[in-house]
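Per-chain numbering from 1; labels A, B, C and D assigned in written order.
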Amino acid sequence: MAELSLREAVGRAIAQEMRRDPNVVFMGEDVAAAGGVFKSTVGLLEEFGPERVIDTPISEQAILGAIMGASMTGLRPIAEIMYSDFFAVCWDLVVNQMAKTRYMTNGQVSLPLVMKTGNGGGLRFGAQHSQSIENWAMAVPGIKVVMPSTPRDLIGLFAASVRDDDPVIFLEQKALYASKGEVEDGEIVEPLGKAAIRRQGGDATIVTIGTMVPRALEAADRLHQEEGISCTVIDLRTLIPLDAACVLDMVSATGRLFTVEENPRVLGWGAEIASIVADEIFYDLDGPLVRIATPYIPLPAAGELEDKTIPSVDAIVETIRKRMG
Amino acid sequence: MAELSLREAVGRAIAQEMRRDPNVVFMGEDVAAAGGVFKSTVGLLEEFGPERVIDTPISEQAILGAIMGASMTGLRPIAEIMYSDFFAVCWDLVVNQMAKTRYMTNGQVSLPLVMKTGNGGGLRFGAQHSQSIENWAMAVPGIKVVMPSTPRDLIGLFAASVRDDDPVIFLEQKALYASKGEVEDGEIVEPLGKAAIRRQGGDATIVTIGTMVPRALEAADRLHQEEGISCTVIDLRTLIPLDAACVLDMVSATGRLFTVEENPRVLGWGAEIASIVADEIFYDLDGPLVRIATPYIPLPAAGELEDKTIPSVDAIVETIRKRMG
Amino acid sequence: MSMTYAPGEPTQPAGAPPSLQVRLALYRRMVELRVFEKRVYDVFLQGLVKGTTHLSLGEEAISAAYGEAMRKDDWTFATYRGHAHTLSRGVPMAPIMAELMGRRGGLMAGKGGSMHLTSVEHGMMGSYAIVGAHLPIANGAALSAKYRKSGQVAVCFFGDGTTNIGAFHEALNFAAVWKLPIVFVCENNLYMEYTAISAVTAVEHPAADRAGAYGLERILVDGNDADVMYETATRTLERARSGEGPSLVEALTYRHAGHSRADPGKYRPDQEVAEWMQRDPIDIYRARLLSQGVDASVLGRIDSDVADAVAVATEVAKASPPPGEDLIMKDLWSDGSSTWRN
Amino acid sequence: MSMTYAPGEPTQPAGAPPSLQVRLALYRRMVELRVFEKRVYDVFLQGLVKGTTHLSLGEEAISAAYGEAMRKDDWTFATYRGHAHTLSRGVPMAPIMAELMGRRGGLMAGKGGSMHLTSVEHGMMGSYAIVGAHLPIANGAALSAKYRKSGQVAVCFFGDGTTNIGAFHEALNFAAVWKLPIVFVCENNLYMEYTAISAVTAVEHPAADRAGAYGLERILVDGNDADVMYETATRTLERARSGEGPSLVEALTYRHAGHSRADPGKYRPDQEVAEWMQRDPIDIYRARLLSQGVDASVLGRIDSDVADAVAVATEVAKASPPPGEDLIMKDLWSDGSSTWRN
């Protein structure tokens, strides 16, 4: 048992899988000699050598192409796209190539690969280094989308992603890199597609993921103490596959749904959840489905502005209190 | 008055705006000398000359960069991205640059530009030439998203897009290029952000756009004749800005919502509509909100498969009949 | 040899000609590509091929030569214009034809269509319809060969127009830095879709004139000469296999037909077309073999064998049923499903 | 002049030295950039700058020279490492400092942050934080100048690492084909973030060695010599303005600090750092001016003027209030709103 930060968990997760399987290689910008710009991959080059831990040029299309071709031909590669915003320069490889090739070839080609990336806001990096791209990825059939909220989950879900035979986007929330959690020793693997119920309550269900998980939990505690409103909090953990059954069960039981999303509201994943709930358990609902999300704007840089933009504990408490009233 | 195909309307729309304003220039692959791969821009080079109608290399990033920089410095450029799928190779210019620059610069920069593109399936072109990317675009704050369903709307909405001071993605449905409609003579301009109610009915509201508009209308006729179910059909025409008020009014009146979407279901625009309705007029609803969409797969190429994938008139009728039953 | 588009341009000299066996195989393959694609055009006119198709008529020497020179476990990466490259790896004709017709017996059961021909068991690792995308992907296969020390080589075909897209640049640099076992083959047919490459490119030879930007040798060859192409293929594959790294080959050629099925190709000057029709790779090769003592009956036999095979393949394809709805929701994921939620 | 990283590499010879007036302006600007950025570092250590910042310490000669040589209505496009380029267009210091501190008085009222400095009224058309993105955008401004025959030139600055991304390639070809009035300036400081450019690039000089791929002259200059840079700037701007088309300049330089505020720069060999510290552009220039007869008091006066100005600007910035929530939902659209629905 050890207490690890999410940042440390990244390194341990990669090492766990590289030790297990010699076909796992890892590449990205500044990931090897420098140990990554987030210092999350320190020591991997030393342990696994330059043939398995590779510093690349600033060529995101070449990076994703390389892991795609390598995964078609026997390797299980991992690439880092430093900030998730940079997926925009190599999006073709993800959406047109990786997501479609297996289907188009009638199942001839498997693509066991992982694209890990620093995602989300909160660090005052401004609009081009703070985006939450889980919604971009979720909208494209053929890509699995994983976003852990704890160090232990990060290791377990990362292992499952590497072992999965399909392409995975693995989102590391930059705002959580410094957060800590207990992690047991030994190998950890957690299945993709299973949500975690982080808290149980009878009045409403809060569905969330990533950086918003600790905020939703804190908000739920406050709602309980201050207002006597008792909430279930679901951490989805993966968006594709989506544990819709867990959401439907909990929302049926509580009659109310709130989503808490870091991504900008319009076509955030909460919209899909709401549309599933509004179709499949309409008659179990006791009131409106409410989404708490970043508004429809790019993220501003100044801390004061950014903090009012991404859902805060206060904003969550306030909205739920008002809408449950 | 003349009967025009949607394809012919494209050429007329561009010419209308280029005649009006010498700052309008137009560029893209094979758009000038050859008149476009969809033959929708024939004659523009001859009328406006090679400084205003420009054949480019296969360099989508260079194309979008060029119109962005030109629009910052006094022009009102139009670019064609041949198939909307190709936005994946130049997505950075759209989502990180065009969408964010005005906001990041505190309003210093205006980007009056239009990106027109052939969008959607139905032509047996396979998974990389048939996508519906309206949901990609809608998810990014800062881009207007326009999708006309008739030749007259195409001209009017195109004019408004060119005259708008913000970046616009203008989606031409390839499957509608051959469809015809009456268009009056003279200048046509239609505002962005106003949905059209194509049909009125009291039992349910169908919200749709683009290629699905004629299908939804045919389905509504059949539902009326065959089942006595009378539907309102809303053609959204633009996704951003979204005429949510029109949707909310009609769904309030009918108590039921069906969306008919060509885009793949997960995070299609219908999810956003459903989440708005389920939040804002929950107590006016008489039953589940139902989305009819392409399933979560890339589009298969063979005609027999493609036709069972994109919502057909039969599938719309069948679903609404069942869910209203 | 004169090429009006590039007067006086030297092309790489061919070494010793290949063996007779190889030459006959090259001839057979080129004829196969030609006759097959002409038949594709016929069945398209009969309404049996929907969507689009991109023919390589006139460009056969390039893919035929590489197909002949490659090892069985080498990999091909091609474009939407990939019938020729697929056949050149020994993929049978009937499933290709059936794929174009959207039938269940198609190479991908009709799910991919003409622009995505793939046969992993033949080392045909895919046809890609986004210009430039497959160059970085081919690098990945080469990286894997290098990592596993398997001796395999990736060969990546693309057109002149592809040299102006970003992925080209990233892929070439990446391959050169890691000395990957890969050969990039630019089939310069002088046109993108309808626009002359010279109108939109800052250098005359869009691939060869840029080799230096990646520390690579400038290789410009006559893509309509099967012997030159075979020698180029052998040499570049050998270089890759021996660990010396990538090559970038520019092979000059011309397509006899339009860009795709919808295109009559009217944007090209009559004179240019006429000159290039004179430089038909198959005519040239047939004449050369005959002049060097190969008996006309040997070639005639090949011609008629191929004609028969194409006819049979076409009938097999026509007899194949439509794909069937059961395929629609299959094989998005490796578990065979397309399930995204429970 | 010796540069250990490229022994014997020729750099472009400087023509006649600029006038004394220009030289003093260059000196003043370089000192301003230096002192300003050192102050940025201080206020960062005081916790007044959140997020990230990227300093140009050691690289001042390049942006200073272009800033001095450009016409007032020319356009600058820069990267996240853009303080220097912004100051070099005459943008006042206080709003830049305030932007870094996230204040209402910031150049973009705190909404953009350090990586996106923009001042359209000064021709500073933006700092872009996605590597490579601004090269195609700068082309667009040049296209507009050409279309409107305005005689304006776009100058686009970027780093060595940027030469390996696709957008670089697309932009260079595009500019060359249309002979756009643009100058691409590669500030080669030998490193991407923490990785040496030589480790990931197929040629030694990532920009200069690729100029030929776009039909352009090879221009490799000493980026730490303000006179050389001024001459290069004058020449390339003149070429662009007179309709002869783009230039691609590679200016060799070195950053004294780490890549960004979080980086101590430990991956660089001590010896290399020491050698480059000897080649400080400001030290070199000061020594040259003194040796050529400029009075020490003249330079001293500039130094103290600049120090005062930076001190004042810093206080002005510190006194600026936080931006205020009213800005959050403003200016997504040209109507000033961010309304996406009714």
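We take it that a contact is a pair of C-beta atoms (placed from the backbone, for glycine too) under 8 Å apart; a residue touches a chain by one contact, two chains touch by 3 or more.
It should be emphasised that the depicted structure is a prediction, and the values quoted were computed from it without experimental measurement.
If I average the CA coordinates per chain, which chain comes out farthest from subunit C?
The chain lying farthest from subunit C is D.
Give the chain pair, either B-D or B-C, that is connected by more C-beta contacts.
B-D
Counting only Cα atoms for the centres, state how far subunit A is from subunit B in Å.
Computed value for the inter-centroid distance: 30 Å.
Could you tell me the distance, in whole angstrom, between the mean C-alpha positions of subunit A and subunit D?
36
Between subunit B and subunit D, what is the gap in Å from one C-alpha centre to the other?
Their C-alpha centroids are separated by 40 Å.
Please output the residue numbers of subunit A that touch at least 2 other chains, ranges allowed.
56-57, 59-61, 85-86, 88-89, 92, 96, 103-104, 126-128, 141-142, 240, 266, 296-298, 300-301
Show the residues in subunit C shared as contacts by 2 or more other chains, in ascending order.
Where subunit C meets two or more other chains at a single residue, that happens at 111-113, 116, 128, 130, 133, 164-167, 170, 173, 177, 199-201, 327, 332, 338, 340.
Hey, which residues of subunit B end up touching subunit C in the complex?
The touching residues are 29-30, 33-34, 37, 55-61, 85-86, 88-89, 123-129, 266, 295-298, 300-305, 308-309.
How about subunit D: which of its residues touch subunit C in the complex?
Against subunit C, the touching part of subunit D is residues 164-170, 172-173, 176-177, 199-203, 209-210, 212-216.
Which of the residues in subunit D come into contact with subunit B in the complex?
These residues of subunit D touch subunit B: 75, 77, 107-109, 111-113, 116, 118-120, 125-126, 128, 130, 133-145, 147-148, 152, 154, 166-167, 170-171, 173-174, 177, 327, 330-336, 338-342.
Under the definition above, what is the set of subunit C residues touching subunit B in their complex?
Residues 50-52, 102-103, 106, 110-116, 128-133, 161-162, 164-167, 192-195, 199-201, 262, 267, 322-325, 327-329, 332, 338, 340 of subunit C touch subunit B in their complex.
What residues of subunit A sit close enough to touch subunit C in their complex?
Touch list, subunit A to subunit C: 25, 51, 56-57, 59-75, 77, 92-93, 96-97, 101-110, 112, 141-142, 164-166, 193, 240-245, 276.
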